[in-house]
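Below, subunit A partners subunit B and then partners subunit C, in two separate complexes.
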Partner chain A sequence: MGGMRRIAAVAANTFRETVRERVLYNLVLFAILMTLSGLLLNPLSLRQDEKIVKDIGLASMELFGTMIAVFIGVGLVSKEIERRSLHLLLAKPLSRDEFLLGKFAGLGLTLSANVAAMTAGLYATLWMIGRHSGPGLLAAVYGILLGLMLAVSIALLFSTLTSSALAAVCTVCVVIGGRFADVIRNMREVAPGAPGWLTTGLYYALPNFHTFDLKDRVVHGDPVGFHQLGWITLYGACYMGVVLLAALASFRRRDFQ
Partner chain B sequence: MWRKVLFLALVAAVPILLRKVDQNLGEFRAQEEALYLTSGQQVRRFFPGFEGLMADVYWIRSIQYFGGRRVFAAGKRFDLLEPLINITTELDPKFEIAYRYGAVFLSEPFPMGSGRPEAGVALLERGVRELPRSWYLQQNLGFFIYFFLKDPPRAAKALLEARKQPGSPIWLENMAATFLGEGGERAIARQIWRQMHDTLEDGIFKKNALNNIQRLDALDAVDDLNRVVQALTSRTGRHPRSLEELRAAGLLRATPVDPAGVPLHYDPALGVVEISRDSPLWRQPLPTARRYESF
Partner chain C sequence: MDVASTLLVPALSIRGLTKTYRYGHFFSRRSRQALHDLNLELPAGEVFGYLGPNGSGKTTTLKILMGLVCPDQGEARILGLPSTEFGWRRKVGFLPENPYLYDYLTLAEYLDYVGLLFGLSSALRRERAQHLLRELDLVRSAHLPLRRFSKGMTQRAGLAQALMNDPEMVFLDEPMSGLDPLGRRRVRDLILGLKAKGKTVFFSTHILGDAESLCDRVGILRSGQLLAVGRLDEILRMDIPRYEVLVSGLETTQLDALPCGIDNRRDIGERARLQVREGGLGALVTAVERVGGRVLSVQPVSESLEDYFLRQLTAAGEEDPEWAE
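Right after this comes the complex of A and B.
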């Protein structure tokens, strides 16, 4: 119980700290402006304004959310090390596991707040063009949020292993690799020489971000069932669990002297 | 001080120089279009997870390309139109509007479109495969096969398929029956365009439907005039030298104009009246044996 309270305290502190980041406001503002730009494309799109506003809004949410997740995520631990505040924190009755999980939860909270702001911006833009989109859009937003949380966990893992610059590069590589999961799976069709165990192994090892992508289905009004959301939630939670456990193990072993 | 003066001088020079450039190269100088990624698959590889957004980008590009070529380009070639529309629909196979309007862009005879009805029908067929529940897309397919490929049995089959879809209107069956019965083609064409005109929202496609209705009226007028010319030719043994001669003979009350207000063109050598090339109702005949002109 006390552990949970300490994690919540670190999370609250991380949330306060990250929402003060100027880059965060720039990215969220830019994402909302991108969504609003859909209004300008209205006359060019032959009455496809609703689809275009939704596509731009959801894509901006995902793109800028990933940037926030990666670039703030990799700095969460390294900043504490550079400022030497980590030593002070760990000297208190706070385990390394609690510290890292608190950081993860804190940035997750920040991302949730940002995604909520961007979603509100998207609904407002749709309202401005006279389209009243129902709650169906939220299924895609949920998928995006799950993908962002997974990106944060990967960023945290790399930040416990290496410097923040290298961690950012590694995280971006894994996130991009995860988006090409289907290409990797079908690689043997274009490169028959590629060993099957390698392509299959990579397909399962990399985080499949394509799984969380419900944007096109939602934009076209295709229903997304609760059981489908349940499966992607389980996949995301399971993968995040693996990554966070690896991050905890790495962080426990790390020497800060 | 000199830096400020230089700054102000350069600021003042920019619009003057731009005006000079515009004067030399033309204010609306067209930039040659290029397509670096030639398939939806390639675009998909560059933007994984953002296929929907990229489909929008390529769709807007298709519209801009089509409109730009139609209005500004001297040669009015539409070489990139089909690949642009194909990329759009490959990126988002459920982009219904891209099939519908893309087929119009491709099928309409030159210079209103790229004059490639086979490509337009193929696009609609792909759309029907991707969106089998869309009766509107299947109805469009039927109309396009009838209008542009002049294949009434195949068109009727497409309309009957459309009728099977939920929400489809009952008149699709009537239309299919009419196609199969195949009476006066222009009357059916007018009926279809009228139907489309009445159901479409205001915009370029409603205007296009109206343009086609007016074109059919113009073709009726051309036929009437050609009959008069033939009558005079058989009476005098030669083609009339001008339409004025018809007026002088009391066969015509005024200079004939089409519904767009452009005088009809008369070729004294052949003794044939036709829609003027200067008219927005003029179309280049399709290069196929079955000609759109017969509408």
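Right after this comes the complex of A and C.
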């Protein structure tokens, strides 16, 4: 019980830390502006305005959310290590596991708040063009949020292993690789020389962010069932669990010189 | 554990602590021994000064005790519990060297956060924070973002967080670092106040004057090894005591002709101050009187810690010891 309270304390502090980052507001504002820019395409869209606004809005949410997840996620732990603020905390009755889980939960809260703000921006834009989208849009938003949480866990793992700059590069590589996991699997069709074990291994090892992508289905009005939402939740939770366990194992053994 | 047995348990016990840092990449792996077979024991209620030049292993010792660095060998017990356990952390405060506090928080928020980690109730957190802000003269800065704090204010804020849980024992790494004379005085008073309340204070420093004015005992560390541990007067008595003899009525040539064994001579007008070791004192006084000089005074010269360190380091062939007054 005490452990949960300490995790909650670190999470609340992380939330406070990240919402006071100026770069966060810039990114969220930019995402909302991008969504609003869909209005400019209204005259050219031949009654496709709703789809265009949804497409741009969801894509902006995913892109800027990923940027927040990667760059703030990487900085969360490595900055504490580099600036040694961590030394003060770990001398308190706070285990390394509690610290890391608190950081993860805190950034998860921040991302949820950002995604909520961007979703509100998207609904407002749709309302401005006279379209009233139902809750179906939220399925795509949920998929985006799961993908962002997975990206945060990967960023945390790398930030426990290496410096913030290298951790950012590694996280970006894994996230981009994960977005193109299907392309990697089919690489032998365009490059027959590529070793099969490598492409198959990469396909299964990298997080398949495509799994969380429900944008096309939602934009085109196809229903997304609870079965599918359950499946992507299970996949995301399992992958995040493994990544977080690896991060905890690495963090427990690390010397803070 | 009853009160009597609590008093018998050392506040800190270190056995055979050894640490080697390894660095460099795969093809050029290097290592540096930071601590070698460190043994130390502190009774409860003592102010202990952990002294040594920069790079002697003071901070490594503290990092191992606080669980930030894993030792290669050895073990430590804090308040009777293994340092790897968690229980002692509720009763201990820690101030690292040059603490970094979060830019985006105010001091009041930071102290509240620290209090939460210690599991203090909301009322107790407020009460402790108010008390520490007053004691460290930070009341007016409590609601400023920590990024606006000067170095001295940050150091005092670091001390406040170390004392938030009203600890039984405090570990302070260079607590006077970056403080102006007034700030140093305030921290000195704070440490003396902790001692008066029966708390144990372990502080590392390379500012010898602080150790001389505050510590019951000191430990002297050099290149990861303890040179000496004990009361200051015991440590300085390890040397042969010296005397300063003030003489007058002697010409320079007569002074030059005095028997060997004079460590230091300073001519002041018609007088001269001569420093001599205990064994040579009688011969010197006799020689001065034989050539017609007068012995005005003989005073024992206690060696300062700085003298002691410099001589130890010079004997070990180390260069550029970084000490400060």
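Basically, the second predicted complex is superposed on the first by the 257 of 257 C-alpha atoms of A that agree within 3 Å, B and C clash if a C-alpha of one lies under 4 Å from a C-alpha of the other, contacts with A are read in each partner's own complex, and residues count from 1 in each chain.
Please note the rule applied: a residue touches a chain if its C-beta (ideal position, glycine included) is under 8 Å from a C-beta of that chain, and two chains touch if they have at least 3 such contacts.
Quick caveat: nothing in here was measured; it's all calculated off a predicted structure.
Undergrad: For A:Ile52, using the defined touch cut-off, is the partner it touches subunit B, subunit C, both, or neither? Pick first, second, both or neither.
TA: first
Undergrad: Answer with first, second, both or neither: which of subunit B and subunit C does A:Gly2 touch in the superposed model?
TA: second
Undergrad: After the superposition on A, what does A:Gly225 contact: first (subunit B), second (subunit C), both or neither?
TA: The answer is neither, since A:Gly225 touches no partner chain.
Undergrad: By the touch definition at the top of the document, which applies to A:Arg20: first (subunit B), second (subunit C), both, or neither?
TA: After superposing on A, A:Arg20 lies in contact with subunit C but is clear of subunit B.
Undergrad: After superposition on the shared chain, which partner residues are touched by A:Gly130: those of subunit B (first), subunit C (second), both, or neither?
TA: So A:Gly130 meets neither subunit B nor subunit C here.
Undergrad: Of all the subunit A residues, which ones make contact with subunit B and with subunit C?
TA: The answer is that subunit A has no such residue.
Undergrad: Provide the residue numbers of subunit C that touch subunit A in the complex, in ascending order.
TA: Within the complex, subunit C contacts subunit A at residues 21, 63, 66-70, 86, 89-90, 92, 94, 96, 98-102, 104-105, 109, 113-114, 116-119, 158, 161, 171.
Undergrad: Tell me, which parts of subunit B touch subunit A in their complex?
TA: Its residues touching subunit A are 45, 48-53, 55-56, 59-60, 63-64, 92, 94-95, 97, 101, 201, 203-204.
Undergrad: Which part of subunit A faces subunit C closely enough to touch in the complex?
TA: On the subunit A side, the touching residues are 2, 5-6, 9-10, 13, 16-17, 20-21, 83-85, 87-95, 253, 255-257.
Undergrad: Sort out for me which residues of subunit A touch subunit B in the complex.
TA: Residue positions touching the partner: 41, 44-48, 51-52, 55-56, 58-59, 62-63, 176, 179-180, 183, 209-210, 213, 215-216, 219-220.
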